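Listed after this line are the structures, all set down as structure tokens.
Look for chain A in each of the two complexes below; its partner is chain B in the first and chain C in the second.
Right, the complex of A and B next:
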């Protein structure tokens, strides 16, 4: 099996980020701290077949976010994201 | 008591195998592929292995041909992934890290392995010396496939397998134990499978 077949897209982060942020996150706009590319979380390249979940920039491949889950703890690294743009909850579109 | 009919089992397990499986692990005959990023496909003509000081000074370097001209060893070891699979009697060919450090004045207490793709992992120097670690280029009699870390990966079988960094390109000698890619995000600094050191504080 080619490991590149194990790639997912950012929609696979929906449950995990929903748990972290308490809201739907795949439509949030992330800015890559490495290359400045802007894209919806749904467009990230995700590697989940690892000791943790890694989301990478589709443009440059940099790590944007990492999440490790143990039985009673989670660790989250969002350093690779310069910003996340979200719609305030409860506002009409 | 074991009521499983012999003929309905998979690979026959040797009676002493369970003693070789650390706590919380299960045996697999597969070789699962785990990766935190795309698989680099580094041609050996563009590959080198370096030993560098903490400040980045290059202390030793081998091209692929120079590396392959070093004495190598074939070792058969058990490996243990933190995702809970263990695999017994895996056979590797590689260069002992002792050989790679033999001409280096190493007063460091730790090393950080660095890799194509940006992965890092930290280890005490004494865990990669004394015949305990290799830079492996062969698996099961064949060149190491890129999916499993080829052209070369670190092999440190007495620690969880995330320490056996795929696509390794060198070792940085460190005064302090600086957490690597997974160690800075919850995984144990040392990672002894027999003490089940999976996460911080284990």
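Right, the complex of A and C next:
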């Protein structure tokens, strides 16, 4: 296994974000607050083997989201995301 | 009732207790776990599910596995590869028996999915990355879709190839599916397929000219996925039509 293989992608966030938002989120379009790149959450670079889960912009590497679960709490930091665009429930493809 | 099914699909993810119907060995290191899941809301080809195991002392371990079965199949199938030193996969592959129950939630994912009306398919699998692509090919067959499909499957050896007999059947003459293999570590005598890691020349030969209506789905270990996706884009494929899913060590 290459060290590269520790890097996952945003598909792996589906369960976690489903828990947080109560809906499918990996097809949502996120805009990076640092560089303005727009891409599906599924395309983020994800590191899940750290104490928390970190999602980075595939274009510039900036941290877009961090989720830490500890002591029966979840901490969610989305400040690296300028916006999320998604279909209203019931209007997904 | 159709309305209930729709509500189920849109409802929040919740853990369900799934019953193992059978465990089908696929290769010496992989097995397909066929499950009966109460109130399963249905899935799309390419999605995955989370499996959670709880030890007697309360310790929990959770992993994601791709769904191998077509949406049309009444039973849910996950194909799991045993990772040495893995925490969950050795149990699922070696210990699980018909009648056992495991916790499962899903379906998960809305990006790496293909609908039968979704246009021609270019599929690239690295190892067990073939699993969600198999769900697409089974969906294609179940719906009698005429979307042309091409699969390039990279494995270390022929013995590690999943679904080999079924792929041969699905790829029979006239079915509109072509299957090519590359074996990167070990080849049987007289092997006439590819024998190296994927590269641009190979992708050009297998997939031919770029079809702007086609979508490529690439799934496997991170290094495989990135090499394959970069090569497709270098050949002129629209990056927005190259969908990727990376497997990692958390699959253990």
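Some points to look at:
What we mean here is this: the second predicted complex is superposed on the first by the 86 of 93 C-alpha atoms of A that agree within 3 Å, B and C clash if a C-alpha of one lies under 4 Å from a C-alpha of the other, contacts with A are read in each partner's own complex, and residues count from 1 in each chain.
The criterion applied here is as follows: a residue touches a chain if its C-beta (ideal position, glycine included) is under 8 Å from a C-beta of that chain, and two chains touch if they have at least 3 such contacts.
The shown structure was predicted, so the numbers you read here are calculated from the model rather than taken from an experiment.
Applying the stated contact rule after C-alpha superposition, one finds that A:66 touches chain B and leaves chain C untouched. Of the two partner chains, chain C is the only one that A:24 touches; chain B does not reach it. By the touch criterion defined above, A:12 lies against chain C but remains apart from chain B after alignment on the C-alpha atoms of chain A. In the superposed model, A:75 makes contact with chain B only, not with chain C.
Put chain B and chain C next to each other and count what each touches on chain A; the higher total goes to C. Using the contact criterion defined above for the overlaid structures, shared-chain residue A:49 touches chain B and also reaches chain C. Shared interface residues of chain A, touching chain B in one complex and chain C in the other, are 1-2, 4, 6-7, 49.
Chain B makes touch with chain A in their complex at residues 32-39, 82-83, 118, 147, 162, 182, 184-187, 198-200. Residues 1-4, 6-7, 45, 47, 49-52, 54, 56, 61, 63, 66, 68, 70, 73-75, 77 of chain A touch chain B in their complex. Here chain C touches chain A in the complex through residues 10, 12-13, 48, 50, 62, 64, 105-106, 108-112, 115, 221-223, 225-226, 243-250, going by the rule given at the top. Taken together, the chain A residues at the contact with chain C in this complex read 1-2, 4-12, 14-15, 18-19, 22-27, 40-43, 48-49, 89-90, 92-93.
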